[in-house]
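Reading through the structure tokens given below for one structure.
Order as written gives the chain letters A, B, C and D; numbering starts at 1 within each chain.
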């Protein structure tokens, strides 16, 4: 294996290799960090711009050369935003709608995913592909038909109309089903043998194992409620049922149609903050949930 | 699997989902097909008692509309540009994030910010970054009062202000702005999925690669990417489905005219086309939606086929 | 190429910061691994054998001491540049590559002077595959192979770049019993044929002893003894090594030495000239018992298991530290069934250890 | 056995869809056909009735409305008014159109003629003629009585141009009553004009001369900013008397003609030379360019915009004083003796409802809002819009505390209202039909394209732009 000349050349190699390797390590570390910091700046800049706009006065906001640091901080914008769009009320409505719809849809998603994962029938995959197909249809078409349906049910201007139509989301059933499929079948059969009912098994075994995915579904669902705009505005115009984005859209336009953007930005910041907190606390779960669901396609 | 005795129980669990899906998903689809086959259907006149004959008039009208191809072209162009770009960027960011320990949590949170911000604000901010105030842009009597933040940066580095989204701006400049906006919005979710995928790859493959003396680049191309391919395929497929439905981002930047002043509809997309006729011509809007559904379905089938071949294990 | 470990130490900060005490995985390990030898790193789980292996491979950085490949100090050199072959416990074959691609993968990484042409690579890969007899599985995916086959692919992948040293992390633990024997022999054969310095880690002492040129017994990060298997088996330096090697394990008794004679219970069982009077721990190898009606050591007979070539007699004795004493006697000398059985002891199969530090106490064997 | 069960469930689902299909497809209850017939008993003041009112009022205007609803309820305690700000004008239109498809549209709504034209496809709007002409009397809670319909004085009190807006739906019937109106006026930097003794232009030729003069004085300024391109195009058609659109006949979109090509070409030249800009083309608000300090580049000295936006056309105070005084006058005309100015601002329409009492209650409230001088006065002062009835001009609050104080600074809205009231004969209305709102949008976009498009051959470019606009209108109208 190692003839003599090979060894000496070898030694020189070794020293050169080790020096190049340490330099290589430093260079790659520097490159990774500069790339990440650069991308982070690009991603955060609009967010930063939104925040400083939210504390500027209208005149400063409309300066021809925009100021990167606000000359005077107008925290009153936040107070105005809260009162003008009565964010408190909208916030509670959105929270209520978000929580109830998330809980109900979780129940439905878990049951359906469980059935799909356990159930074996001929057309199963075809049915599932068809359901996934519905995700491809632009939502706008559903709105006009669903509007007629909910009206014939008499649900107008109520929380029901904001919650019920979107309880079933095929995507989350798909996500959870993938997760359930990873739980070995023997567990189910073993549970069956010692008499545990389906629901107990679901509660005791499957849900704990799929917890991360369930949590990420919950978070993604809540964010959906936060951003929904077209449907709530159409079916729930009464202030008692308005959601956040309705408030944001037209609470700040004066009679001539001129929008007070800084106050609107302040409102958006107030609205985004809770979501931001939710993300920070549950980040670990979202990460695991998404990867654990093993979207193996 | 489940003995047949339990069959009806499984159907019972599925019942709530099926009922809701029937009412709020299946029925709207049927109604859409119905409206698309009623030639010239308009919901207002229908209330007024007008009757319509069945036929494919609506579909013909959609296909003959002289801007139909432009809308389709814009949709395709935006998809072809943004889906790969955002996927590659998300992959690079995810890999880098996965490779560092300090600052990882902070950067991860920053990269997720766009996901929690309301879309109204984003449109407003991007408009402020690219919008110019002045007159006769590009002409010799051009007056520029505000050049927009991006142009201020360009001028800072000695470049000349570019007319991104205002009257007289070029189609290319408009597309660049749209790509930046769409990618910016698409990154968080993609990074989340890919980072999740990266962390579920068994560490030992990387140890084995290191012992085999593999260079950083080859580790990336020959191990990380192939092992991530199911996630990548998923991100690309959902990316295309979402990309084909692009509309609100264009409204966010260019407003309802879907194009810069003087060139309305230049960046109109398929969903934009549907929206234009949704308020007056529901029959035509339904036909356009079904055509779009057909296109997305075909593209997704191609994607699934390609990814089946490319995805490993 | 010889490998030299100089006071190698590895300390892991404890999991929870608050507790503060760290775990010393490897403690001051010095050992010169001769070129071309097959070394078995042996010890119970958590004794630092795998950590040592990974430090040699470069995947773990030592906290103290040095590692030399030949005369070069590679302590700081990263795994990529050490040219080491490593076989993981669960093989770590790239799932998305065929067997051929897996084996070719390390060769494609060679740069500079060692760069090979396509044909050379293929030829080397085929050579390695034939060496481990899997040249007929080249186009299969790892998921389509059995445990044993995957094991051999992993070895082929480690060997193909003709590494300076081959490291195996518990290579046989995932195989079924029959396959384990067969693969053990093959590792031995391959090592002999290629002559690569090989270190393999195992907790199965039988496996280590059967194929190693040298074995290193470790406990809680500290090297207990290094030597040839038979030598370490016959001449353990402390009770731990004695107990650890040999199946069935050594039988241990409490005894005392008085006036040059060893007493178990109150029976004098063996003359031990040159040993000071003291309480001792007595280890007797199962093959050290010779049944003899008027043998000095009298035990209560429990059962007799016939194993063909020899017979295993299970008995018990009040002074024994373990409830059962197992002795192996060859089949043709009968054991009379009855209440008790008495033995005389083969002197060189009786090992004395000091009660205080369990270190070995020697005595001349006539 | 398994497939049988699946088949059964599939059939069950299909059956369910079919009956849903029949229920919904007819698009809710049919609207009562024909004009509104007043029941003999007239308005029953004993019966409780609730009416809903969709509008675009901001919070300040809603306060004024609420105060006057209290007054209205003193007269009619049995009528409960529920009102909602649905968003902008287009939001109101879209919301109502969707609600009409299921038959639960509101009772009263802010509307523009274009919107009503679309509601008429579903014959959803009540024609007001029978109500206006009715001479029934209604006794109010405080014992006083009022005739249900509009008395001759009340009709005469309406500003004729605004009142006529309710009738131009091609069938001469009355569909809406005007609530509060605005128009376009020419704001000019009075201080600058006096300093350089420039005369305020009354015709487009004078405007060209003034612009050139200003350009010499301040080369990097944009002398004129015209806010809405659509209004500019339609107003020019009216001023030249050239064709724009027609409600009747099979050809609706007539604006592709030589006269229009000519003035568009002329204004293109102005734009290219930096004489004029519009809101869309400038990327900002033309009022902002007008209120910019002279020293800054790109400021304007004249701005044509909505009379309601007067306060936005006033520069912010710099250490307690306005940098310049704002003058307001009628917009330049082709023929100053026969002025034509657009009329904008919301009107009110009443939707058909099964219960005639709801229609009567809605009528009474609409009548109250449009004919009560105090409300019209206060609403105008708060909104910057102009009252629709002349008698508000004599109302002492409106006159002394508002009109008489008109000036180019603190009371700029009053000055704008005065100008609007003085030019009441100049208002024109465009025909309203299914497609008229498309026409309005398309001519606005046409103006933008022709002014800023980089045409190699200007004339051909303009011709093609016009043709495309007409084609688009025809396509959209379906």
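Everything that follows uses one rule, which is that contacts are C-beta pairs under 8 Å (C-beta built on N, C-alpha and C of every residue); 3 or more make two chains touch, one makes a residue touch a chain.
What you are looking at is a predicted structure, and each value in this text was computed from that prediction instead of being measured.
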Farthest chain (mean CA position) relative to chain C: D
Rounded Å distance between chain C and chain D, as computed from the means of their C-alpha atoms: 93
Centre-of-Cα separation between chain D and chain A, whole angstrom: 41
Gap in Å, rounded to a whole number, between the CA centres of chain B and chain A: 16
Chain A-chain C separation of Cα centroids, rounded to whole Å: 53
Chain A, residues touching no fewer than two other chains: 64, 121, 144-145, 149, 249
Per-residue overlap in chain C, given as positions that touch at least 2 other chains: 78, 80-81
Residues of chain B engaged with two or more neighbouring chains: 7, 11, 23, 27, 31, 43, 133, 145-146
Inter-chain touch pairs (all): A-B, A-C, A-D, B-C, B-D
Touching residues on chain B, where the partner in the complex is chain A: 1-2, 6-7, 9-11, 13-14, 16-17, 20-21, 23-25, 27-29, 31-32, 43, 89, 92-93, 96-97, 99-100, 103, 105, 107-122, 124-126, 128-129, 133, 145-146, 149, 152, 184, 187, 192-193, 195-200, 216, 230-231, 233-234, 237, 241, 244-245, 247, 270-271, 274-275, 278, 282, 285-286, 289, 292-293, 296-297, 300, 307, 311
Chain B - residues contacting chain C, complex: 202, 204-205, 207-208, 210-215, 218, 222-223, 226-227, 229, 312-313
Chain C to chain B touching residues, read off their complex: 57-59, 78-86, 88, 90, 92, 94-96, 105-106, 108-111, 141, 143, 157, 161
Residue ranges of chain D touching chain A (in the complex, touch as defined): 2-3, 6, 20, 23-24, 27-28, 56-61, 84-88, 91, 95, 98, 101-102, 104, 284-285, 288, 296, 298, 306, 308-309, 312, 316, 383-385
Chain A to chain C touching residues, read off their complex: 1-2, 7, 10-11, 14, 17-18, 21-22, 25
